[in-house]
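Chain nomenclature is as follows: A, B, C, D and E, assigned in order of appearance, with residue numbering initiated at 1 for each chain independently.
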């Protein structure tokens, strides 16, 4: 018997119904957004006008599918590019942070640890505007006093990367640190004791142990970067990532089912990635 | 020639001294144990030997050469960790091959050696298995094999049986001792379990609060402890506190708080008349008789008590006797040997041969 | 080489981009859709970098340029201004000349007015008809300065005349704000982009709205019941221009684009996409047929007479308007 | 000696990226907006130092009304998310069998991997007047004509709960997961009723998770933009929108920075208060795993 | 009158039967243990009694009344959990008061009772302390006090000493027994450690694979096991496998694989000539003599062997003797008692009184 579970049938059924409703609630908007990707209409709204794949592959005017839409495709490549760079950076720095906080002793460690998690609770908008403002200050300073044009400090891909990096690093640090905390330091000592050099220990024992966490930190970072809006919006230049492109499309141009198609694509893509990362975690840790 | 020598090793962490002035030598091929309660500094000492800590003072010599200057990965002492520290991301073969690879040996040699050592520990053919597929005792052996394949000068073992369950622990005690014979390597073994130390070792050092209290073969520690700590820690003991009321030669007469007198052997030259002392007597050294029968026997010490309870435990059964000052004394009691079974509440007399009592100055 | 356009939705149809890139194979066109406010905001943040060609409306250039210096002067010799309608060209030049340098030339022009589905909202003809309780929950507007101005006109004021007197302008805006707050409950939602509005109209969720005429013309093609209605106080006319950001890196390409899209066959394509009229001579004739009909349906001569061109915005005005818009946005009905 | 140097060197090597990150991307930028918020605009390119921006904020009810509204709506969403999410988390952590547990958890997370925009978009498709729900209700005959379900506070709250409830569930699951069933059994064994056990054992045990979930949920809600804007439409009134508006439509970075500082201070204050009242601390709740 | 009765309890999980047809009674005020290896169903049985599982068959009666219909929180049996399950979010006082609060007692009563029970377990004044501030043994006592304050009919204890370290466990054994006396409450104690069960209990049930193999007082289990499982599980034993070559009365002659013969008592009526059997003999029941002296002594069984090693362990020292078929036999060996110390490699003879050998049909 599971003492945690309700014992009476009525309660149990109410509980199960609630669960069901909750999952329906979770699925509803996604299903709705997904379904209209296949509606043969120029609106993502009822009535249903028949099934079509045009919103994915169409190439003629009112129905240009996402795979023939240059701006969407460009947004996607930008997102991909930003996502990979940002998560790689966040994983690298996150690994350093994990080692720093799990392995090292230094003054003010607690204060610095709080600082490390603070970005997680700063609203994304504020990270966005503050980095925009700060970068502009430096760039303006350089321009007025040194006559230097620091173009990379103006809104654009570089600032988007910095902006996303600023809070993603907290997440990757926490994920990696959690795994590192589970690492039995005596494994490293054992390796040293068996004659391995420090570098070899890192490469053959510590990093392989961290690998699942590194991988899932990367995936999580990538997915969050891919979908980030609040921070990115303030920092984009001309090379906007997909969410911004979609948003612009939605509010400045108007939505057609091509946005539903993109949504389907994103759902499938991220879903697969998420499952992959969970599986990777499980396979390696489920010893 | 000693495989391992520790020369006045001291280790301080900040103001706290974890290891104090510890010196000992381990002869080649012998099984040396360090026995002490939790936190007494055993692991610290072992980590100093392995090179994971630098001693604040003193020197460590392996095969006569100081190793203080060598990094941990350059010392030819291998270590079996408390929780074994087998690499979970490698299979058994890779675990054992790890040290050989680090040394840069070639593949065929490695393969041959791995196979050979697995045979030797009685686990042939487990190379491909995953660590999690082995039982506790098998893992234990693999951890030893992983070190032995490197032919270390000394094998260090840090409470390797701590994580095993009772029955397996009993079994592994015997097996470890046999492995040591088989490999004929010097073992330095750490434990807080006195029975492990006693059963396996050629020599045991008893450690307390960073110091070695006594070094000697198991029988010596058990039968002739040199300090109250050793007497209390090694084997079960009953302790009686009192004052020295007479000394003659190696014998003393001690008056207990309740006014009764006991006799004990005395080693410590510093004891004087009126000194507060503790007398330690092992449960198996105590005779127990019904009071009415007392005249018949004549042990040199006689204490009055009442049977409080019987702790039946097969060959290790005990009688708990409550003395007049209401303290409890444990007395060994083999059912069916000698006297009949005692009953709760019976009035009894306890006694022991004088030299079965060990007398030490009381602390504080 | 890349040409990074910062423009309105519809102002860079895929087809045109494709033709342009065919003609200039070494130029790659990247388009970012935006609106007047955001164009200024973006260029302000980059100090005029990041884009090579922007298309703000003619009245939104002068003040922004003075304060932020985000555009560079045009080299008029690189633009074939001869094809442009003289009136429009002059008007834009006048509005955007600073220290003798011209900062913009016209591209598309049109008006802002009303749009209605005549079967469901037959008697819309004034800005404040959007607040008519009869259409409660079925009207829409864009919460930007156009509606402030329009509403002011319909209340009998002349906001352009008050541009010189901030206090007076403030008073007008306060009244307009009150009116629009009161009106808030009447409208369904504020639209934000052309297609957004189109969806609302075509789905029937909205029956009357403030609109760009261009959007209305487009819709007329789909549903002839949806017409552009010039408000009785006059439609507000705007001209979207070409301006080159201060740190644009592809001026050559920008000029090529300007000249390219002013070619007659491109103008037709462009107008089909935007719905608006190009600033080239004979642009009405270059309209696709359905749009031509739409324009005819919308404007009679009197309405054209009545057009009110946006006037350059002096400093301070935008702050007043901005506050008003915020107030309306934040008000609860 | 040598090893000491190596330790120091590795500490420096590990510390450098951390310091660069925190100082350059977090601390200095925050100081930056703080600085900018103290710049009063006198005219084009003419500034002086002062608190005028803050005074403006205080004098303009629409600003602080919006902030207050954002705050209380966020608190409401946080509380509702807790109520909605707790039974789910409890089920996943304590009732579901080993295998379905992982699956349910994944199921919970999938919406998380789709951007805010797509989720909001999904709600629009569902709730708009010509949307699925309106259509369904009409075809069932429950309503006569189409109904607009967008652009009201209830929708905004539902949409916000949707976007944040997972961040409530995850920490709850991880704390509840750590709770040994024997605590519950002990609770019953000693005579506790279901309610007593829930109140005196489950809830106190889950407190770090509850607090962590509430903090994250609250911050995400208060800092959200797309959901309230897209679902609230003309009635959204969200403070982040004010910030964006100042930056984007008013090019008024000074006021925008002021709002940013205010939002940060205000939300931090709420979080601090929450931690104080529940006796938790940031490091042990949010960073637990 | 019995405080607790289990009547043919069976519990099935799916197709797996965790508890099979278990019946027993626990008299008021007694200490009853269930002893069995890991996974044999002990916890399941206890959870049935506490009400956390519903038995598939059978009945549980407390003070004579069936409790199958009552919810766990309505049964007056309290439980000390394996990992104690002290509530970490409450201090010690609140932990103990919990049950009283649930009962709705008033504040002053609660306070008085908490103070009283803490006094009784020897931890006065710890009310305000946090659970984590207590030592293992103290927590143990608090967990018991938390139950005892509710004056249960029966106290259930599920391996409560499992998490403690060796020395503390030894100590707590005695303390638990004393607490039971003090509170004078019926204890039902679960363990897989035979020494715990033997030392503390009035009666022990040995459980194996869901069944009770034998119920009886500790001495009976130790001296007269009724099955091979009990003989092997309770106390240390040497096992000799062989075939019955002669039976007369309660005695059997068994021929081992190596051809030697041993004698054993026989209980099992089902044993026949030629049956495969296992003979169990306890180390302390075996005599050991040097071969040359053999003639002098006359134990009924004589096996030839060679001393393999000496396992010194104070009072529990053993001699390991290797028989001719190279199997090892452990023999109890008290140093200084009787014969001199044996040396490695000496040829010896082993023997035991016939009834010291327990003979059971071999499995499989």
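Here, a contact is a pair of C-beta atoms (placed from the backbone, for glycine too) under 8 Å apart; a residue touches a chain by one contact, two chains touch by 3 or more.
If you want to know which protein each chain is, UniProt gives these names: A = ABC transmembrane type-1 domain-containing protein; B, E = ABC transporter domain-containing protein; D = Spermidine/putrescine ABC transporter permease.
Quantities reported herein were computed from a predicted structural model and do not represent experimental measurements.
Counting only chains that touch, the fewest steps needed to get from subunit C to subunit D is 1.
The chains touching subunit A as well as subunit E are B, D.
Within the contact network of the assembly, the step distance from subunit B to subunit D comes to 2.
Farthest from subunit B in terms of Cα centroid separation is C.
By number of C-beta pairs in contact, chains A-D lead all other pairings.
The geometric centre of subunit D is 55 Å away from that of subunit E, both derived from CA atoms. Inter-chain spacing, taken between the CA centroids of subunit A and subunit C, is 37 Å.
Per-chain CA centroids place subunit C at a distance of 90 Å from subunit E.
Within subunit D, the positions touching two or more other chains are listed as 128, 130, 185, 188, 247.
Residue positions of subunit C touching 2 or more other chains: 45, 203. Within the complex, the subunit E residues that touch subunit D are 47, 50-52, 71-74, 77-79, 81-83, 85, 87-90, 98-99, 101-103, 146-147, 150. Listing the residues of subunit D that touch subunit E in their complex gives 180, 182-183, 185-193, 196, 200-201, 204-205, 207.
By the touch criterion given at the top, residues 4, 6, 8-10, 14-15, 17, 30-35, 42, 45-47, 49-51, 192-199, 202-203, 247 of subunit C touch subunit A in their complex.
Residue ranges of subunit C in contact with subunit D, taken from their complex: 37-38, 40-41, 44-45, 64, 66-68, 137, 143, 184, 187-190, 203-205, 315, 318-319, 322-323, 325-327, 329-333.
Of all residues in subunit B, only 38, 166, 173-174, 177, 192-193, 195, 198-199, 218-219, 222, 234-236, 282-284, 309, 311-316, 320, 332, 334-335 touch subunit E in the complex they form.
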